[in-house]
Amino acid sequence: MTFEPKFSVITACVGNLGDRFLTSGYKERVCLEDRLKRIAGIEGITGVELCYDPGGEEGNAALVRKLLAVHRLQAPVVNAPLVGDKRWSFGTFSAPDGAVRREAVETAKRTIDFAEATGAGLINLWLGQDGFDYPFQADYAEQWQNMVEGVRACAEYKPSIRLALEFKPREPRNRALIDSASTSLLLVREIDRPNVGVTIDNGHVLQVGANMAQAVALCSRAGRLFNMHLNDNYAGWDDDMIAGSVHLVEYLELLYTLRKTSYGGWCSIDIFPYRENAERATEESVAFLAACNRWVAKVGMEKIHSLIAAGDVTEMLRTIRTSLLC
Amino acid sequence: MTFEPKFSVITACVGNLGDRFLTSGYKERVCLEDRLKRIAGIEGITGVELCYDPGGEEGNAALVRKLLAVHRLQAPVVNAPLVGDKRWSFGTFSAPDGAVRREAVETAKRTIDFAEATGAGLINLWLGQDGFDYPFQADYAEQWQNMVEGVRACAEYKPSIRLALEFKPREPRNRALIDSASTSLLLVREIDRPNVGVTIDNGHVLQVGANMAQAVALCSRAGRLFNMHLNDNYAGWDDDMIAGSVHLVEYLELLYTLRKTSYGGWCSIDIFPYRENAERATEESVAFLAACNRWVAKVGMEKIHSLIAAGDVTEMLRTIRTSLLC
Amino acid sequence: MTFEPKFSVITACVGNLGDRFLTSGYKERVCLEDRLKRIAGIEGITGVELCYDPGGEEGNAALVRKLLAVHRLQAPVVNAPLVGDKRWSFGTFSAPDGAVRREAVETAKRTIDFAEATGAGLINLWLGQDGFDYPFQADYAEQWQNMVEGVRACAEYKPSIRLALEFKPREPRNRALIDSASTSLLLVREIDRPNVGVTIDNGHVLQVGANMAQAVALCSRAGRLFNMHLNDNYAGWDDDMIAGSVHLVEYLELLYTLRKTSYGGWCSIDIFPYRENAERATEESVAFLAACNRWVAKVGMEKIHSLIAAGDVTEMLRTIRTSLLC
Amino acid sequence: MTFEPKFSVITACVGNLGDRFLTSGYKERVCLEDRLKRIAGIEGITGVELCYDPGGEEGNAALVRKLLAVHRLQAPVVNAPLVGDKRWSFGTFSAPDGAVRREAVETAKRTIDFAEATGAGLINLWLGQDGFDYPFQADYAEQWQNMVEGVRACAEYKPSIRLALEFKPREPRNRALIDSASTSLLLVREIDRPNVGVTIDNGHVLQVGANMAQAVALCSRAGRLFNMHLNDNYAGWDDDMIAGSVHLVEYLELLYTLRKTSYGGWCSIDIFPYRENAERATEESVAFLAACNRWVAKVGMEKIHSLIAAGDVTEMLRTIRTSLLC
């Protein structure tokens, strides 16, 4: 059972990054060409997740294709621009305003067009503005219904392009509609189109104290795990840290489960290295995950499987420890 | 649109209560007769959720029926004894050991028999031991499959008795299989039997920073909200405090939503008054929820609905404040 | 025992507000004059917390004084610009780089000068960049020592101006040095200057599941509660929501405790109304807090005190409920 | 700079363990002799933390001394029985009832006597019942004052025996008085006796998202780090799991810091292996921590120190990864 993760990085990770207290950012703006050039230099990275930017450099399919070719990068996934714009302040597909909902569907369709034009087979739908901040702010059943219809409309637009819903429990809204793997799968079932699936950002799982491997197993069981985002955090917020900077055992279990379920998608590094060198931080993330994957191969699927089957947690930890630390 | 919640209390709440540091309990053991007598004296309570105890007082249907009649209490719901026994240390319907799984199904069937014998139409399935504590401890896909099959087997036993899955994110296991409203609904869909639904314990929603009214709305939309448990907490753990001791606005929204969705089940107080008088703590919980319900009626469904539709959070908060505090 | 809170608002709250996904903001930039004009129109607000901006409008003492006079606003507090600038990426008084530390002290001194020039008697020191993101990133003992020395140097600059340390557990750094009321008091003791005290942002208390009234009581007991910031959140993050939108009982206890300890400082609204009208959101926050304060007066200090002394939580909740909801 | 941690285990860890849903426990009762025998067989363990049990086996100094000698175990620390008894339902040294406070001081003095009689130089004071559950339940300033006086009275009883305050943010009370390292140090300062210090339970640090090494550094800087308890958790609750089952990098930093600060106390395993073999779980915890300690030695203090000084997080992570996983 061989498994070699394909690593990419989201183009935004190597640009300027700000937060609510320093909106101008901790770094400098970097043009697309420079971002791709930097990314191409990162050991272990062979692809990018594009962030479609209508009217901007990253919305120019010809330019993007050219730069990808120059830097020998694949671009399997395109992120839809459905968060970082005032228009989406109260949501996209589930916004209370029908005009906004229609605009969101149009934006997603243009993202699909852009994906097609750049050779990507998948668009990533992180719908972080869909949800609410306060009690008494949303008609939850209506929101759900609108979400189903909006995603379905996009799914039907060009069935050859797949759509992946990226759940996240909160931020920027205090509460998100698509908050967990289960919610995503429930939506996917109701949307009922074969090209709609799930992106698991492992940090969005850790953030609420859930288990990454379980999320992978359940999405895979449903045949809907389309994409992975990777980073680390302290298990209370989406800190978007370098992979492996906090957790270890759960990462080993994650890589074991990706292999076990024959995950065929990409592993895209999605970190916010506000104060770190982005390329090195990305490279370290890739190296950590690749090392976890080699560890799984070294210990062996059968051995791990038999320890799980035996329910012997202590022996499993001993195996991990002696293979790493002794 | 009238709505009068029916209030019950779980019989265990008025007994002795211990924690892991004081297992012998903060109070004294109370026999069933005394518990029911005490409960009967609580203003606003007209029913109990029984805790089926095979071989014990609370497993004797004739005795229970007699005591219920004496104290003029209804018993619409019976809790299955699927947590507090060593046998379930590693789970019930989803335990790795097939013999344990079969025993769990048998236990649930006996609970169904007991429900039938005592006139309850619903059994509550809180499966708190199904899940895991450590990474690498569970085969998640297998767990899920076993859970589906176990609940389905129980559902088919006597289709006139309904089953409600009570989700909870963690405790006693560090991670629970049935952790959220979405996971419950996903399971319910896959189990695919009309008599399987969901119990929402509002504290299990707050515990992970989710919204109680949203959980109600989404379970109702699916036609599967069968039962409610009520208490309060500080939004980080299942503290099982007196309702209204921490939160307010979200409770008002919860009662609004129960009314809006014409919730027809019971509202069962589920608190752990380790150090408080249990009857008074229960009574205060009921009184708080009833007052929230009257507040909804007083302000009016149309006004609340129109404020939500207008998306005017500040005006909604002003309405709440001026109706209560000024 | 009378107590009338003085309400102010931080000038930044009525400006444009962005987050890490929409750094250009959810609103439009508002010039200082317009911000003060808007603030002056908020019912219940009589002061502002300025945000010193060297070289900008809010760094021009003459302009500020003039505008304050025009709008009849007091400005009792000035925030030091020690977070939102790249220079402070790795801290201010506790930065590893001595040059940065010196620059931070200079910046604080200029803030003190500006406070003096605008008639403010207090500068607020929220040192959100002092801390760390990753393990193995800080020499904790050295950080602490540098923090003590930096604050002490500022305290000695003009002893008539008071300094208030505003603790916050995290954000923007994943971990903050000054993370709690206790840490603040410990620092204050070691800094050992009479003009150094604490700002309690009630949201920074809720954010880690601590109790606001307790923080007030302990800082007051030490004679060091200099300033209050007010907002609400869901108890897991600094959501900076409208006061009273989530919690109630703990607010009543907070106002009771401010009265009991004869708090003499200001209550400054510190919310982030990204998607709301800032003036109305601020006004509602003030109105809620003022109403909580009236509630305390109405119920009476002696009655509340006697319920606490009797340890009767249920009766206290009954008192609150019947005074509000029945 | 050599550093060899001395490992012990709390005697309760190898006994029966229950939780609030299964108070009779997941295991069987084990008599003291068998517990010590089992402990003596754990590789790497040379001592125990006793749990003083007045009137019980573990309160019989002669028996304890005999069994310790037989099993060649040291007993450097004794836990005071100030949590698991109904008498302490509302606190010990800070209980509102003066009679309870006096009884608590007496109990602590008897613990000190027992420590003296068994050759332990330190008593561990985890005061988990001191705090509150609800708002409006405590007079916080009075609680603090009573705590100071109670601990001081115990400290003065036999100055040769040291007292260590073990902070924990919550559980069993929803909010604890001694909740953090900073609160402990603040109390220690006010108690102002040389034999009063702090026990850091690393899980109680992780539980609220704080940093273990920082806690060690700050308590050491104050000269008051007397004792360590060790376990692991998911960073949201005191799960008391096997050390190393969740975290890695922060453990390495912890061991680095214990070495750097020349920690001279014991490292006591404090886990709750409800469903695991306790001896093996303890042994694995010790082995993990010892391996972390060897890692520090292998990489070298100077190298680690220089990476921290350089502020190069990515290089530090690369160093960890390549030394373990490649």
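Structural remarks
Chains here go by letter, A, B, C and D, matching the order in which they are written, and residues are numbered from 1 within each.
Following the convention adopted for this analysis, contacts are C-beta pairs under 8 Å (C-beta built on N, C-alpha and C of every residue); 3 or more make two chains touch, one makes a residue touch a chain.
Not measured: the values here are computed from a predicted model.
Between chain B and chain C, two chains of identical sequence, the interface residue sets overlap for the most part, with shared numbers making up over half of the total. The chain with its Cα centroid farthest from the Cα centroid of chain D is A.
One inter-chain figure worth recording: chain A and chain C are separated by 36 Å, centre to centre, where each centre is the mean of the chain's CA atoms. Chain centres here are Cα averages; for chain A and chain D they lie 39 Å apart. Counting partner chains per residue, chain D shows two or more touched chains at residues 90, 133-135, 170, 209, 234, 236, 242, 245-246, 249-250, 313, 317. For chain D in complex with chain C, the touching residues are 90, 96, 132-141, 144, 169-170, 175, 179-180, 182-183, 185-186, 189, 208-211, 213-214, 217-218, 220-221, 249-250, 252-253, 256-257, 304, 307-309, 311, 313, 316-317.
Per the touch definition, chain A reaches chain D in the complex via residues 209, 234-236, 242, 244-250, 276-277, 280-281, 284, 287-288, 291-292, 294-295, 313-314, 317-318, 321, 324-326. On the chain D side of its complex with chain B, the touching residues are 17-26, 83-86, 89-90, 128, 133-135, 170-172, 174, 234, 236-237, 239, 241-242, 245-246, 272, 274-275.
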